[in-house]
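In this document, chain identifiers A, B, C, D, E and F correspond to the written order of the chains, with residue numbering beginning at 1 in each.
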């Protein structure tokens, strides 16, 4: 049989078609040195109530991003079936091995989940998970919300985002949900390199796909966790799946139109920022200096931004390596 | 000969008694598999101009704390001898192997520098460095400023601090310099477990010892780096070593009088804070919840603070382990 | 040229067509950091005497299973050509890198040999070995005996087994040899997920394929090693390749008809079994309890079997992880 | 102050003097790269009821031995205060970091707990735990039961044991409790190298110290776990601390009088045993053979026992290294 | 779109079509746990002056070979545009991650660059670099010089080489440049297994490809670095790209006609050579002995050469493993 | 009992007082995760014949130095008792764990054997071995020969050496044996930092101690192995222990009088030597250049020698780190 016909090795312990609240697992057999007949166990909650659209909610696509998992572990344990019209599928730890390890990529195969689509049923563990989303979960969904944050090595102004798409109806619905989410910032993204992304996989199936960047540094604050929790409820209400009232929240729309938004390091060293996230900066301004650390007495390298705008994302760790993206500048636009 | 007479294996490439600006190294021979006749090289700058007191300035006592190294690499390359009356000894990377690795402890021996004093000339690499400070550098100093921040696993409201001491003259001079430093917060610390600390080593010699906690998370912001830079200049001016004017800055004094200030986790999981640093919290309030991550649908464990006050420090990573300190609550006091 | 035409990089230092006893190697060039022109060396013995069928005997398909290697290293050094009619090819360490490391999978590429077929001549080391079996060794064989045991993480009642096959003549010959092998237990297996298995590769070529599970825990007892040694001689005699008399031995036939035979853990902890291998258990009986280990005073999770039968295989290590297979229950049937 | 006066850094969250059942922790602050203010948390249960002797029960002195932890996690959660006269202190995971890792020694410092006594309050993590037992817990105890098994690399016939001691009253009481424990085998041990052992530390304080070896291989069977559970209750009843009736059980006494009991390997290879635990062997008999694994066709090295007796313990893994103890032969004696 | 149409993820910070000297990078985005938006940065220099052929010069195809990087870092910083007619593209660290780590293969993916061609734009980091050479850099080139040495595990008599090719014009031009290079030895190579090599990729495009083996052991001597520097200038002058005079140098041509040139180890141990590189040896002569190291008193295994000739290459480390190539004997031929 | 009275845990399987040739082991019990009752096994040969002095011969004091082990494994297997007058104790792999791993220091505890004296019977594995030499083997010896070479990270002109000593009779005998050894170079060493050295331990007992540096790079050539073999026989003959004739050999005496002999790197990078071992260099001459490797186009750092003389030792690997000793210049003197 051809690869596309081969079934996924993953089995679910929940019935996606049953009404009510179910907590269970996606079980992926994974034979390894410390468990010949072991498995990767990905927690999943399904809440279903009658007819209606399906929302697929994921956290920890990258394992070191925490706003999504917080919102979704909380939602999964608190949601009642009678609050729902349709179905909500919740996976707070999409790349469970990475989430358990607290790392961006999977400790099993170093797989970056968001570059592993459409996946393979006979590939790496990360590819097998991607394949299950590609062929089983995404087809069930109408609306997809995939939480991201900066993780241990980036920090972002908190925003919700969707992509510019060829299908303008699909795009409009996505931006309607972004606006409903109500993060402090909202972004219209034009993906330059969409190869292997979960986003692309969902959008190519015609799904309404919404994503976020809600902070970073490998932690969550009370504030950013609150944005994640409130935004999820807002989006589900706006999508007609969760009963309730939208919490009103203004948002500032941002645009990152081209490569000049990004500043990269070419040198290793100790990084000192001269502005903080949320500051407005002017083209040519020195945003950071890199001090050589091998000896004292040397002048730092200056890094200048290539456009004016809002300082939206930055390299997080105190040391920087050649090739690291140091700063992202976005343009404030009308929504 | 007895151990106390054995000379340190460390040699300096600078002359601590010479006037002018010198950039060099402490060289510690370290024979290892990848360099039989290798060395640990710790950068050092000495700026001396005539008579006057000596300040000893250190960063990266813990290798993942960055405000100090930023301030000191910058000071080392910009200070001119004619700005100084006396001597300033600058070591931006006290535990150089840890700093180079971006880790709290030394990758060579897992040594925690701040628990390695008085050190040993025939001990581990970390102990050899501590011994050199104990027997060579500290005796040269009148004033010691040792920068700390939260590192990769803690985050602090930015404060400068000194210890409650038996010698009240020594203590008063230290608090005078803390006030001069001018951090947003200032702390009077009563050390419960002082064994092995650099602080204790310096104070027992009668030195004026000032320390800081200026942020955390394994990064520095423009704001916290600015506090470190400005505070260092202020302290040196107040100590009569650097020429210039004190930059005026108010500070809020804090006290952490007993063990009730600290909240510990007894469970592993995903941590969600319900307050952020700088918030005022009340005794008994839930400050954080720990979600079990093995499956969905479980209730989180609630962690309550045991005193009212200002939320001053917190666990940084998104995951928490049993025994981790989760939150520190301080009392706001008059200075 | 297409991939299927590319020759294997493996060369043998023995001549498979020469009469007599030869001890040599499969040499697989493997350029690596510690040997630019290094090789993986897989020991092989060929014993050939005139015309007759060929038996291909393998141990250490998984590197931590020892009954097979013991039987085959012993057979290889003791077999004389005049005892043979045909040819016996012996590889006691099929996945040599895994065997040398004492691990289930290869330390080079983490390859699970029994999921790597048909392999690739330009793939990983494990895939290159699989490809050599697929294209060179299996085509030479009439009868294939591949030894398995539980390895470090499973333990089995000792059994010999073959698969239910579409070709009933092929199947009958396999079960005839299983019966001749004479293990205490014999199993008729219906493979649910046969993708990538050595078994499948052999059976699809029409070979008579026999396998075993002879114990486990990453060790061998005198008893299980004896079963392996005696069984191999019996099988070779029954296949008409080795001269001698069959040692009579009764066997109990077992069946594992469906997924209810398997019990999985969903929680991590300390496992306590309430029955031992060979015990008869009843559907719904608690076969094991998992104690949470983070604190004392908590109740264990109970694991119940989903069918009645003989306790045939179990998780071996004292700690268990979510997703591990904990117990296998088989049905005793007539042979 | 001298080292002996320095207090332990460990604090207990239970009150050892309070009546009733308490579950808590020994908390040992441990600053490390992934938790600057982290701790090692060792679960502890105290059950106290009025006056009476104190029993101190420990499992996982070596982290890969499971009968003790099973018995003690179970006892800790099921014991009621009214079943007790005196006090029972239960630590199912004495070397908690090793137990959590499933390794004999601590993953933090590779410390072998049973060679770390009397420990040091400013030493390694393992030494700090030993020091707390030495100076806090052992002084509270009258009777000490410390569970051992073979762990991942040895396997034992199940026995309970105590040491030949200079104080014959102390020795007699220990052997009385060994007999009460009621394991299938009981051993009178003459310790040759007692340096650093927990046993020695307890015995030198005059405590009645009982230990076990109850199986091995890094697992527990239903049978060996049952011996551990029943033996513990028996011992506590015989010591007058637990109410109830002794479960009658015969035992075979064994002696290992000298170095001839032990057979060591001098070569690496694949080990094949020719006898199993519990078999009687004769002096000069080949008990195991070591096959060289680098090539086929070589003769194995034969290992012969140096005394007649009962095959009592063996090397567990399928591969053996030079210097490994391969077999222990004991003499059956009258009790 | 098909794979062949997908653009490389690598971008260059230099303009390959601009006249003058440019120093920059190939930037390969590489998202990893310690830099979510990180990159691999491969230094590149382009020197162009008007019309003329293009030479592509590479070092560190294998990361532990140093003559090439020395020659090319030196050439890159010293070359002036007016010395050139045409274009010289210099990459002193082709497999930059391997070069930075000092290892033959990439520490990221263990990729052997010289077996990774034609590469893949969506493959591993090593494959992405190979793909960029395959589809961007090689098509620009007329002449390709790829430096090799023995690396940490082999040592060679210094030679320059090219391949016997089906296109005799292409072959003749390559040998002309080999002769111009002027290494002490020159080799005409008949590649037996050319799969995945950079050489093959270049030659199949019709490029003139020259390579070297200039020493080894993971170091460079003043002598071998001098050969690399002088040879490069000679080759560029002979190719008409660099202005200047050829430095005259004689060379001895060598041939390695078949597998008998190579001697392999089948045993592990301590290797003792009985001849040194450059010695002439006779067929059947013992060239090395392998001492077993597990015990004293054993005889060494003797390794004999299978042809007479010049001892041209050898295993470098003091220990040897089964399957390692121990010695290469070449035939001295007329040029 | 005090530490000095505690017996070594090491036992020898040979009888040092018996005549004849014995091959055996020093067995050091070493309990570890992969062998609870494992041992370190250090091969030893004793050849004794009647009365006479004792020579103690050691290789692999550092595990990556091979001339000594080659000479001593060869001597151990070839020496007959009747060739000896007195006793020769041969340990070709003094730090056996380091030798087996091919590393300078022990993989068990990172112990540098030559900085571990006098050792401790209850210390690390390396310290236990040192203690056995200190208290058991050295007291038996009259003459001690300890082989060294440069190992993987240094390379030396081949020399034999002894120390300038306060006892001029002891010193004279040592230099007599150095001259007899007959290496191409001979060195009179004035040890500046003798703490922890095997040399010092032997000399303080009044033993005649001779050492070597015979090459380096983690390999041996036929030439350097020959020097080691011939030198050992010469020394034993000169010491009156081995029967035979001294092989005549001239030697050039060298002196390294002070710290100016050594040149250190302060920067990381790619090292290019401008002279080779054995070259004569003049004070101030550039002996090496370090190229920065982060980008092309930068000038290298020049390293100049601080005295004129013979280039005697150098850093071996192609990359250099700050603090590495790069070059040693010795003065040629009359013997």
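Basically, contacts are C-beta pairs under 8 Å (C-beta built on N, C-alpha and C of every residue); 3 or more make two chains touch, one makes a residue touch a chain.
Since the model is a prediction, treat every value here as computed from it, not as a measurement.
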| item | value |
| --- | --- |
| Between subunit B and subunit E, the fewest steps along chains that touch one another | 2 |
| Given subunit D and subunit E, the chains that contact each of them | C, F |
| Farthest chain relative to subunit B (centres taken as mean CA coordinates) | C |
| Label of the chain whose CA centroid is most distant from the centroid of subunit A | F |
| Which listed pair, A-E, A-B or B-C, duplicates the contacts of D-E in over half of its pairs | B-C |
| Between subunit C and subunit A, distance of the C-alpha-averaged centres to the nearest whole Å | 43 |
| Subunit C-subunit D separation of Cα centroids, rounded to whole Å | 35 |
| Gap in Å, rounded to a whole number, between the CA centres of subunit F and subunit A | 58 |
| Touching two or more other chains - residue numbers and ranges from subunit A | 25, 41, 64, 266, 294-295, 317, 322 |
| All chain pairs that touch each other | A-B, A-C, A-E, A-F, B-C, B-D, B-F, C-D, C-E, D-E, D-F, E-F |
| Residues of subunit D touching subunit E in the complex | 266-268, 294-295, 322 |
| Contact footprint of subunit A on subunit B as seen in their complex | 21, 23, 25, 41, 43-45, 64-66, 69-70, 73-74, 76-77, 90, 92-93, 99-100, 102, 155, 217-223, 225, 270, 272-276, 279, 291, 293-300, 316-319 |
| Footprint of subunit C on subunit E - complex, ascending | 62, 64, 103-105, 110, 112, 115, 150-154, 193, 195-196, 264, 266, 315, 317, 321-325 |
| Subunit A - residues contacting subunit C, complex | 6, 9, 25, 27-41, 122 |
